[in-house]
Amino acid sequence: MEAYFYHLVVLGGVYIVLTQSLDLISGHTGLMSIAHSALFGIGAYGVAIFYGQMHYPFIVAWLIGMVLAGMAGLMVGLPSLRLRGDYFVIATFALQVLCFNFMNNVSNVTGGALGITGIPTPWFMSTTARAALVCSSLALLFSFIKWVLTRSPFGRVLNCIREDEDLVMALGRNPVGFKIAAFMISAVMAAAAGGIYAAYVSFVDPTTFTIMDSIAILCAVIIGGSGSTAGPVFGALILIGLPEILRFVGLPYSVASNVRQIIYGMLLVLILMFRPGGVVGGFSFDIREHTRL
Amino acid sequence: MLSQAVVNGLIAASTYLLVALGFSLIYTTSRFFHFAHGAVITLGAYLAYSINSQAGVPLLGAAVISVFFCGLLGVLMNHVVYNRLLRKGAGSLVLMLASFGIYLIFENVTTIIWGASTLGFSPGLPSSICKWHACITRIHILTLAIAAVSWVFLAILFARSRHGLLMRAVAESRELATAYGIKTHEIVDASFFIGSAFAGLAGILMAADVGMTPTMGLHALMMGVVVAIVGGIGSLRGLLLASLLVGLVRHLSIFVVGSQWQDSIVFALLLVVLLKSPWGFASDAAAQEV
Amino acid sequence: MQVLLSASGIFKNFGRAEVLRGLQIEVKRGETIGLMGPNGAGKTTLFNVISGFILPDRGKVHFLGRDITSDPPYKRARSGIYRTFQRVRIAEQMTIMDNLLLAFQDRAYERPMSALCRIRDWLALEHTWRRRAFELLKEMNLESEKGRLARDLSYGQQKLLSLALGIASDAKLMLLDEPLAGLSSSMVDRAINLIKIMVRKRSSIIIIEHNTSFLEQMCDYVLFMAQGQILYQGNLQELREHPGVLRSYLGGQMELA
């Protein structure tokens, strides 16, 4: 029972980092991405390859994953210089698919569809209690970092980019640098979560990083409340908690994941209809058209 | 070998065209990416399957009924979700997110009802005609024909009929059309009906060829979206050319790279088009209004 | 007096429409200029060209003696040009205070690294900014609303806020696009009050406005634009008797009060 609780804390922590990182770009900068699980995956594969297979120290592999994801984040961010709103979402969709295909097909690097197994557990995660401690402190740390960032002058400009890019320019800021920075920070955070996740579950395979996972993360942020600190936490808890609740209710394993996704879908539609700011009441996307066609 | 790839490309192109036609028809009147279109594709196939094998209706009849229901399903989605969101002032991004939600619901309901494994219509693989080292089945010929007929149907609808004129008016500006007394809701519903019927049709044809899975719609939709964007949404000729381009690129690329990279190439194509698209000019035009 | 802004030989076509045709303008430091003209004369386009949102087809724009013709809008804003938009543009889902804080800018503290590593520094800086912003809010009678979202303000208040952003940004040149249009009379007084603060701060101001009594009260002189050129420059009294002006207004939609 205790181990089960710690297990949930670990997953919760990982997903809080993930949703917070996505919220930095979607909720604060107004650029919704559905390539986030790919960035998460890059962090996970970084640890799997450099720590699990090449036996670099964990911290080195972790950092390599973050740097790689930072570069990938740059790639995801680049379309945002030309595209907004739904067209930008489509561009991230394409990048997510490309990234997934890379993980799935380049077998000699990523292990292909089989993935990489047998990643040794690093010493600081040797028991589930320790892992829970590490993950919850990471969740706290990254939530704090995001909180500070979004309240700083830097974050204020990000928020203004979400509102009106011409206004940002009229007030003397170049949106390009801010967007790219936001994407890179977000990607690094997502990769940090991915690296810890890979070390914890000791294997990676592409099915964890699909377009559906990306959509689920975005759903979580929007359901929880975009552009706030508590919203993504709440969203991550739904993401982790719902499967457990369904298991508790006694739903057969074969349909549990389907029922879970149905509930995500319903929650998303209902939230958009009746509480566009999310449960916590953050930024609501309905107020203004984000596209200018 | 090459001729077979070309034939496969053409057949793929016709299913993509069918999907893209419906998708962009809905986009022209509603101005958002209707991702739940993918769910309609899947459901079209499964409904036809159930009506055929469980209710015992002959396949052709089952297909017609299923296509009709798909049209209704599209209208229903529009009424239950999108219209309500629009009334609350939702923009295209919110509508698109909602369509993700609807897609999630439908895909998983489909999986629960029919299971995740591949199903096929009862007659099995139909006989095929071979010539010049390429084989083509009757389903393939039917697919090509239906795609062509649908394209011509829409072309005539838009160019000749009063209904097409009204659709174009709504596409230009929903508010203006309403102000001129056009019943925009009916026009939008009609586009959802026709568009979703196309989706169901595409689903049935694909399922008749290679069988059906609950995720088939997503993949078909992705290709349809690529076609719609590459071709330029709303341009029928663009859609036709883009569907040929995407279908052929996808099937000819296996001579250059492995078949596992087919999708990557198509999406790389999409990214290139997106980044160099006329949408960039559109944003310049908007900048002039400030 | 020092020349702040000069633009010469500005041409701009939109498709076939010639919106600006060889326009010349010179603004000295501390001047307040009214910009009048019938609709479609190219007034807003001129603002867009000066603030960099539109690049001219031909012609040069100099600001503080520097050629800024090809600078992007944000660089011009940094060098001291602020403009308002005809349709009010503020950050709707940010608080009023945050809107004002955006107008203060210190780029050293806007990097993400300094946001994280120099928290105390930017907090101290923001403290002074907040005080200045609060002074402005008092001028607008909005000091009790500072925590509300800007979208909750009335149209008039939003317009005041967009003027206040200019004051907060300490711009040397303010381009105000119809700052009084659509305001109730009490709001007009507050807007004039804000514009007077700009004048007191020795900012140069160009105001697009049709309200002549307001222009008479505020402006050193007026410019009259028609068909993409400056037709007349001088005081309002003589403007009323200028034959070309009368002609272009008789063809236009407005009447000179």
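The chains carry the letters A, B and C, assigned in the order they are written, with residues numbered from 1 in each.
Definition applied: a residue touches a chain if its C-beta (ideal position, glycine included) is under 8 Å from a C-beta of that chain, and two chains touch if they have at least 3 such contacts.
Bear in mind that the values here come from a model prediction, so they are computed numbers and not experimental data.
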* Asked: Measuring between mean CA coordinates, which chain is farthest from subunit B?
  -> C
* Geometric centre: closest chain by C-alpha means -> A
* Mind checking the centre-to-centre distance between subunit A and subunit B? Centres are C-alpha means, answer in whole Å. => 30
* Structure fact -> Whole-Å distance, C-alpha centre of subunit A to that of subunit C, is 41
* To do: Find the geometric centre of each of subunit B and subunit C from their Cα atoms only, then give the gap between the two centres in Å, rounded to an integer.
  => 48
* Hunt down the residues of subunit A that sit against at least two other chains at once, touch-wise. => 166, 287-288
* Which residues of subunit C are in contact with two or more other chains? -> 53, 85
* Which parts of subunit B, given as residue numbers and ranges, touch two or more other chains? -> 287, 290
* **subunit B - residues contacting subunit A, complex** => 31-33, 81, 84-85, 88-94, 96-98, 100-105, 107-109, 111-112, 218, 222, 225, 229, 258, 260-261, 263-264, 267-268, 270-271, 274-275, 279-280, 282-283, 286-287, 290
* Residues of subunit C defined as touching subunit A within the complex -> 51-53, 72-75, 77-78, 82-83, 85, 89-94, 98, 101-103, 105-106, 109-112, 114-116, 119, 122, 126, 151, 165, 169
* To do: Sort out for me which residues of subunit A touch subunit C in the complex.
  => 145, 148-149, 152-157, 159-160, 162-164, 166-175, 181, 185, 227, 283-284, 287-288
* Mind pulling up the subunit A residues that touch subunit B in the complex? -> 32, 78-79, 82-87, 89-91, 93-95, 97-98, 101-102, 104-105, 166, 211-212, 215, 218-219, 222, 255, 258-259, 261-262, 264-269, 272-273, 276, 285-293
